[in-house]
Amino acid sequence: MTEWLLDGLLVFALLVTAGAALFSHNLFRAVVVFIAFGLLMAVAWVRLQAPDIALAEAAIGAGLTGVLLLDAVSHLGGIRPGDRNRGGRE
Amino acid sequence: MMAGWVRTLITTLLCLTLSGALAASIWAIAGNPTPVDLPRLLSENMDRSGVAHPVTAVLLNFRSYDTLLEIGVLVIAGIAGISMAKTASLEDPELRTSDTLLYALQRWFVPLMLVLAGYLLWAGAERPGGAFQAGAVVAATGVLMRLGGIPMDFLRPGLLLRLGLGLGFSVFLVVAVASAIGGEAFLAYPPGLTKALIVVIESVLTLSIAMVLLALFVSAPVNDAEDPEEGGPA
Amino acid sequence: MTLWLMAGLLFTPLAWAVLTLLTDFRWGRWVTSFGILVQVLVSLGLWLTIARDGGFYYGLGGWDAPLGIELRVDGLAVTFVLLTAVVASACGWHAGVYIDPDKAWHRYFWPLFWFLWSGLNAVWLGGDLFNLYVGLELISLSAVGLVALGGKAAALRASLRYLLAALLGSLAYLLGVALLYGQFGSLSIAGVATLLADNPAPAGSGLALALMVTGLSLKTALFPLHQWLPPAHGIAKSPVSALLSALVVKASFYIAARLWLEFGATIGSFAAAQLVGLLGSAAVVWGSWLAFRQQQLKQVVAYSSVAQIGYLFLLFPLTYSVSEAVSLQAQQGITLQVISHGLAKAAMFLAAGNLILSVGSGRIEALAGVSRFLPFSLFSFGLAGVSLMSLPPTGGFTAKWLLLQASLGSGQWWWVAVLLAGGLLSAAYVFRIYRASFLERPETDRFYHPPRSLEVIPLILALLSLGLGLASEQVLSVMALPFEEAGAP
Amino acid sequence: MTASLLYALAGAVLFGMGLYGLLRLPHLLRKLLAFNIMGSGVFLVMVGLPQHRGGADPIPQALVLTGIVVAIAATALAVVLMRRYYHLSGMTTLEEPSPEQRPGGRR
């Protein structure tokens, strides 16, 4: 039962973070949430008995992609995070 | 031209329908057994694969052609990335931080992460881990070093960088062709040498993967190199 | 022997990609011309082998189908391999003269070119669903890199659009692969087809096929998913445009066609087949009309690709629940259409590049008077146009003739209207360019004259496309039974 | 119903969400996030669906590893292109600066 609870919560958190990464008004926050999404994915892979993918997701998906995107946000969206609202929905 | 909200509505409906249909299909498929039991076939052939970890066996033996092409994709991204980089040097002094915390972190982290990468690479044959994970960790170390301002002269888009980009790929290719000279098919490792060859390939792949990812990270700042459009003002 | 031919096809492009990565543009040109020679010989050799012995399956790494990756080497695959060798060597040769060797970033042209070539070969020969995905990504990313190489803002916008469209298409395809693997537990196309023939169409796989075909149509730029194509093909350098229009879009179509012919009979439906055919017809009409309306020469050629791609999708309705003979006719017609459009469109883009180089502008009006001083390039452009208009004796004509017969034979006469309208509309846009170039200008020769080799290459391609109509018997006979099992080893 | 199937169904939802984002969000970085979310959805279906029946299946796991590397390559390339595009045009969306240049071109 607790396992089901854990899986249910994890899936719920995945969907919420994915939604937040897409629709949050602040682009910087969106990327941070996306990194959190990547880490949650890594946990999901552990639950799916795929430790290889979990390692890769943590290192590549959350780590490198995150750094790459954060770096891009600071250049594309003005240097200071938060002072640019154009990144959200129209 | 449709109004914005109409298009949003249509797209929303489309995505909802697709997700629903997808979920229904997954549900329907999940009810039937598969006619082919590939995992069993895999475990029957594991002892001929040279490694003990099934995922590594699939990646570097049974489906090694996928991996070869996949490294090609990575190298392409690296090439396209450095083709847009500052031509003189990929070093960007602006990016260096004089953050003492970062500096302290890095003194501890860099060796630690390199050790971790080495472990991942070595573990790949028996346990979860392998070239991709190790390469990503090495690349992350490089990103950290770069943010900390350690000069990385080898990242100029010179011959050395290009050699590094191509190295893992070339070794893989050479093994593929060499195995054909001795054996009966491409990418068919000669028996007895399988494990050694896989380890060699994984090691150079780690290096190349790290190099490509790092080059892509570092080359993101752009140069002013541009061509006039065909027929446009020169 | 066959082993080495296969090696030549799969591994020399990859090896040459690495070699040219280490050289600059001028050295890369020499290395490339040697590589082109090897590729042409190997492709020709494999084609002759298949013509003599028939097709076979080739398990890479010594592992056979469900576990390993199997390549499918049949008449159709080697025909496309040969087409790739012809078109890509022409484009490579042209690019070696056309592209400015002094720009530092052009050294990256050759590795991308070779990676593109290896991706194409991997797709023609691929028999494994996931391996085809990797091959597609290899093609897409190198094509995007080629479009973006040294480009300005507009080129980057076009390449970003292209990249996003291509990635979306690949993901849809991959999702279909995931569903099929979940359903059958196998990734080999032939294996899944056998399993499908035994089982009645199981629930859930219809969506898989729909996702895969939709994703691949997006990558092939089927109307109304074509909007990424004209900017990307129009703004790339001419040899790159030629590669993209002649070969790259065909790769995703080839996979879609293979999937349809293997799985369509069991999990397809009449409505789906008609829908795809309808979209293809819309592409023919709408693409030709837009081509007629463009102001830029290369945009005309790019929109003409949208129209010509539309014909290919007539394969779907013309092979669904029809007699064996009609289906074969349709397959042969489509194959000829792929080949003749590949040759003609490459010739057209290369000739357009020469014309733009000479008049110094990409606009159609700027062509006025060019006919007196650059007859060669204009002639190649026109010859290729004749094939697009499908006048006899070109390959385009034979292709449409076969399609016409297949439409009538299957009772789906409504496609005949599309075939006729498409020919007339393409005549309209080709003649529009001719008219512009025959307008007299009082001045004397004010044009830059490109090197002769630049003018010869499109002429050769255009002549080949013309000659294809005369040699179509031979070409089709090698494919004996296209898309069919050509005898397992 | 097993946990694997739950993750596969979540993958279906993620695919739909990502598709919406890729089609409708104007900012290029958002499109890239959406692409990555879509990719994660596909990978979850790829591993979750076959594992619903027989426990851990190393083959889709290996495929997903390959897929992740391809996705990071595409993402990194897209970031480089975007930054250069921004550098040259100051834009972060794909909108055309002058729509009248594309007669009849539906967007």
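In this document, chain identifiers A, B, C and D correspond to the written order of the chains, with residue numbering beginning at 1 in each.
Keep in mind that, in the parts below, contacts are C-beta pairs under 8 Å (C-beta built on N, C-alpha and C of every residue); 3 or more make two chains touch, one makes a residue touch a chain.
Being a predicted model, the structure only gives us computed values, none of them experimental.
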Chain C and chain B - chains in contact with each: D
Distance between chain centroids, defined by C-alpha means - chain A, chain B (Å): 20
Distance from the mean Cα position of chain D to that of chain A, given in whole angstrom: 13
Centroid spacing, where centroids are CA-atom means, of chain C and chain D in whole angstrom: 26
Where chain B and chain D are represented by their mean Cα positions, the distance between them in whole Å: 17
Shared-contact residues (touching 2 or more other chains) in chain A: 52, 56, 60, 64, 68, 72, 75, 90
Sites on chain D at which at least two other chains make contact: 8, 13, 15, 17, 19-20, 28, 45, 49-50, 52, 56, 59, 61-63, 65-66, 68-70, 72-74, 76-77, 79, 81-84, 88, 107
Contacts with two or more other chains, residues of chain B listed in rising order: 22, 26, 29-30, 34, 37-38, 42, 55, 63, 66, 70, 73, 76-77, 80, 84, 132, 213, 216-217, 220-221, 226
Touch relationships between chains, expressed as pairs: A-B, A-D, B-C, B-D, C-D
Complex contact set, residues of chain D against chain B: 5, 8-9, 12-13, 15-17, 19-20, 23-24, 45, 49-50, 52-54, 56-59, 61-63, 65-66, 68-70, 72-74, 76-77, 79-81, 83-84, 87-88, 107
Touching residues on chain D, where the partner in the complex is chain C: 8, 15, 19, 22, 28, 31, 35, 38-39, 41-42, 45-46, 49-50, 52, 59-60, 63, 66-67, 70, 73-74, 77-78, 81-82, 84-85, 88-89, 91, 94, 96, 103-107
Complex interface listing, chain C residues touching chain B: 3, 6-7, 10-11, 14-15, 17-18, 21-22, 58-63, 66-69, 100, 103-105, 108, 111-112, 115, 118-119, 122, 130-131, 134-135, 137-138, 141-142, 144-145, 148-152, 154-155, 175, 179, 182-186, 191, 195, 198-199, 202-208, 235, 237-238, 298, 353, 356-357, 359-363, 366
Chain D - residues contacting chain A, complex: 3-4, 6-7, 10, 13-14, 17-18, 20-21, 25-30, 32-34, 36-37, 40, 43-44, 47-48, 51, 55-56, 61-62, 64-65, 68-69, 72, 75-76, 79, 82-83, 86, 92
Of all residues in chain A, those that touch chain D in their complex: 3-4, 7-8, 11, 14-15, 18-19, 21-22, 27, 30-31, 34, 37, 41, 44-45, 47-50, 52-53, 56-57, 60-61, 64-65, 68-69, 72-73, 75-77, 86-90
